[in-house]
Amino acid sequence: MRRQILNSPDDVVSEALEGLALAHPSLIVYRPDPGIVTRAVPARNKVGLVSGGGSGHEPLHAGFVGTGMLDVAVPGAVFASPTALQVHEGTVAADSGRGVVQIVKNYTGDVLNFQIAGELAGDDAVRTETVLVADDLATDTDEDGPGRRGTAAVLAIEKICGASAEAGADLGTVAELGRRVARNARTLSLALSAGTHPGATTPAFSLGQDEVELGVGIHGERGTGRIPFADADTLTARLVEPLVTELGLAKGSSVIAIVNGLGGTYPLELHVAARAVHRGLTGRGVTVARSLVGGYVTSLDMHGLSVTLLPADPDLLPWWDAPVRTPALTW
Amino acid sequence: MRRQILNSPDDVVSEALEGLALAHPSLIVYRPDPGIVTRAVPARNKVGLVSGGGSGHEPLHAGFVGTGMLDVAVPGAVFASPTALQVHEGTVAADSGRGVVQIVKNYTGDVLNFQIAGELAGDDAVRTETVLVADDLATDTDEDGPGRRGTAAVLAIEKICGASAEAGADLGTVAELGRRVARNARTLSLALSAGTHPGATTPAFSLGQDEVELGVGIHGERGTGRIPFADADTLTARLVEPLVTELGLAKGSSVIAIVNGLGGTYPLELHVAARAVHRGLTGRGVTVARSLVGGYVTSLDMHGLSVTLLPADPDLLPWWDAPVRTPALTW
Amino acid sequence: MTTTSADIQLVPDFGRLWVDTLFETFLDRTGALGELDRRAGDGDFGTNVSSALRRARQSIDVAPPSDYSGWLTAISRGFLGTGGTSGPLFGMFFRDIARCAATGEPTLGEFSSGLTAGLATVQRYGKAQVGHKTMVDALAPAAGTLESAVAAGAAPGTALEKTARAAVGGARGTIELIAKRGRASYVGDVARGVLDPGAAAAAMLLQAAALAQAGPGGRVDTSWIDG
Amino acid sequence: MTTTSADIQLVPDFGRLWVDTLFETFLDRTGALGELDRRAGDGDFGTNVSSALRRARQSIDVAPPSDYSGWLTAISRGFLGTGGTSGPLFGMFFRDIARCAATGEPTLGEFSSGLTAGLATVQRYGKAQVGHKTMVDALAPAAGTLESAVAAGAAPGTALEKTARAAVGGARGTIELIAKRGRASYVGDVARGVLDPGAAAAAMLLQAAALAQAGPGGRVDTSWIDG
């Protein structure tokens, strides 16, 4: 039985956001009603950036509010979309007159509520553009369906769009940049065990001792297949190889790589995996132009990791490198 | 049975350090022989700062090498002191002519090997001073013994001494500042479950469903008592109250607070706890001048947290606030 | 050449009357609606509707609306501030309904246009067709019936009565369907035999509209949802 | 007034001879030493000693030492680059031993001073007294015996032989003790009846010194550690 450090499961999101804001008073403010997180000092005269979605993926998104990244985060309940009104309030709060880019992970509820919020914002004369993040290679099927899920690539998009917006780019430019990154980035994940929903006592799914779940999402759903448990190098290769193939990476390619812990992966494990990813890529002649290793887009306390690769077009790197100052990402 | 994302347990530390260095090439360099992590660009003409100890506490210490914090980290095997020679090499590497402050957590092996390394460094005409970190309130007994263990306060000491050294303070001044912080900071920890040693399949100790281990250390050792499982506010109060009493905090006091995850605590939990710590303190009229919330001084994947309180003497705050740029702490 | 009844005003204060009837109608029925979602969905539909209406009531209590558009906007916002798929869809549906009147209370024709627009919005966002076992199965026949009734010159009371009956009929028809949209679509054949809760709620709100137009003394009969 | 033997040189090439004998002596005994640590400690002593000696051998192979100090420094560094409590303590012990000779090979008096200094260093760092069931229980009688022998004018061979015997006697004496220092101190009475591995190793290295001085042909008899 899993236990957690919580008060009431119903209050976990609002209490955690209050805690986050108390820890970063100079960076962010949490407004419990309507349930949004904004910069402590709102930006002026720039394209606004709003993102959000279900909670349980911390530090995403509230941890990425700040200079050089988001203006506003709109967190729903655990694994549940924020409401259209919440997103609407967040969108309006993100506007400083030059329009707002909504960065939306591809999940039915999120897409619906952000779309509606955009329409409502139009009533307030706030122009909006949407960047849909759909990077999860595991859900890349031809079938007529909801399409690829949005996972850790959202971090790269928030970072890159954030830098571009901070530098003064206009609404269309920021959105187009985000869409380009969204088109090019792919992610693949695996888990040794699922996360446990606040208030629940057992993980969302369970695995045999010899099984690893490949292609997991970040909402406790099972993956697309099971592979044998193996050492870090072997497991990591099961993520890197399909990504390399999908993105057509070859000798001379250059990528931005995100090795992301899913919540229950501790630092030694994650850095052993990061080394394997790095070696796996450089061994194929692919340069790792930039990399980021840490628990950024999580699924409660899921024990696993995701690898995101994004071809490092030369014009992207300055946006990636540009200063950022948020609770969870600062350089 | 717990499983981990590893290759050989023997290689976990060196592989993880290689991974860390690959992720932060502009900040740090890992030298596998003799087993030290240095800044990518060594500082010149400043007091050097070296720290180290057993691994398994990541991001401590290698994650804190960089401008405004450590010059060199010396990681041992998991939960085992680095060797005297390793520490010696690290100490010499940290020296840029103005001497080196060794920051040592109070464990027999660490104390011994750092002391010897200091003596060996003397042969090389490197002056050294030692700051012994012994903040763990749970091990504060009158008995003739090894004294309080060194835990998460080491982070505050590395930050504050790092800033002072970076600003050009001399050896004695940096060391005296560190010793003052070490005297004044106290930490208390609890765990819902122990971490699992790389290569092992069961946690270092196990607890009943209604038990929480109070006063745990960071090496898988049991705590000093068991308390009933309860909600986050109640559990957190069991850490805050003894600290407040020990430090004589009262209405009007002001503290720096570190709410530290022990490795297996995921962000929602940690921020719910941070809120409780904050409210527990402000409810007593104690101002939280600064706070830091995250997994900084861990014990593998131990599920638990520690709270560190340090009276926020006005002259400490500028050192705390001074810029820092390391893999795991940047502002 | 027939005369339409498009320009006839609905009863004075129709907005307030409808909203009051709505609260009344749903008051003790969200449990039953939730139960339907539990049998062929994820079980949250009842909570979603009740919290939407609670939110609407709160805002009405704080700032009582002054006209039709205000009353219906409160309902719209209540749903837009709620989760699930039904929250945003009903929210946007009521937004179109709220906007249908040029000024003050709507004419029957404006109301009919509002219903048609609301249906179109739900379909634009939800991508559901008739037969997919969703609220569309109640709203589509209702909107069509009202348009015809207006074109045929039916009086508002009769027109709205017919509309409600069409909606209830459409909702009941979902019992035999397997779902192609929403959570119920994940359970396949298991949903057959279960009334779609969203369709049921859509029909109930049109029953409430008919009663509001008919005037006091009546009661919406929702016993049909217990099937 | 007696004549001391302090100024007599040990055999030429004593450093190399001692180190070779050391490797020889410990080669197949680290398993047995580790077993002692397993019975009353944490079991890593054998690995610690063998990896210290392996490290020393490597550095010697890469850069062969040119004098006594160089040979013993290699041993010191081998231990200083090793874990456990014994690594740093033996490392610092051998550092003092390596430094005892003014130039070239040591005199008997210099060697005696080195042993006494090494003991003091071990005690300074380890805070162990005689009777605490540690390497000190072998080193202390050895250092005392050697000082007396030098003062009494004993020849180097005899003096080192006596020293080794005293060390072995001290080590064997630890069997009856319960530990007050080191990991064995955590197990209390369980350690009684078990020879302290650090004391055994200390005695073995002094046996090796005596044999190096005595010249080729001999063999260090370590059968006593099997108890």
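Each chain carries a letter (A, B, C and D) given by its place in the written order, and its residues are counted from 1.
Simple rule for what comes next: contacts are C-beta pairs under 8 Å (C-beta built on N, C-alpha and C of every residue); 3 or more make two chains touch, one makes a residue touch a chain.
According to UniProt, the chain labels map to these proteins: A, B = Dihydroxyacetone kinase subunit DhaK; C, D = DAK2 domain-containing protein.
In this text, all values refer to a predicted model and were calculated from it rather than measured experimentally.
S.K.: Centroid from C-alpha atoms only, then distance chain B to chain D, rounded to Å. What do you get?
M.R.: 36
S.K.: Let me have the rounded angstrom distance from the C-alpha centre of chain C over to the C-alpha centre of chain D, please.
M.R.: 92
S.K.: Report, in whole Å, the distance between the mean C-alpha point of chain B and the mean C-alpha point of chain C.
M.R.: One centre to the other, that is 60 Å.
S.K.: Chain A to chain B: how many Å between their CA centres?
M.R.: About 29 Å separates the centre of chain A from that of chain B.
S.K.: Specify, in ascending order, the residues of chain D that touch 2 or more different other chains.
M.R.: Expected reply: no residues.
S.K.: Could you pull out the residues of chain A that touch at least 2 other chains?
M.R.: Answer for chain A, listing residues that touch two or more other chains: there are none.
S.K.: Is the way these chains touch best called a line, a ring, a star, complete, or other?
M.R.: Graph shape, chains as nodes and touching pairs as edges: a line.
S.K.: Mind listing each pair of touching chains for me?
M.R.: A-B, A-C, B-D
S.K.: Taking the complex as given, what residues does chain B use to touch chain A?
M.R.: Against chain A, chain B makes touches at 1, 3-8, 12-13, 15-20, 22-23, 55-56, 58-59, 63, 78, 192-193, 195, 198, 209, 229, 231-233, 235, 259, 263-276, 278, 288, 291-293, 295, 298, 300-301, 305, 325, 330-331.
S.K.: In their complex, what parts of chain D are in touch with chain B?
M.R.: Chain D reaches chain B through residues 77, 80-85, 87-89, 91-92, 125-126.
S.K.: Across the complex, what residues on chain B touch chain D?
M.R.: Those in contact with chain D are residues 34, 76-77, 80-81, 83-86, 88, 108-109, 112-113, 115-116, 119-120.
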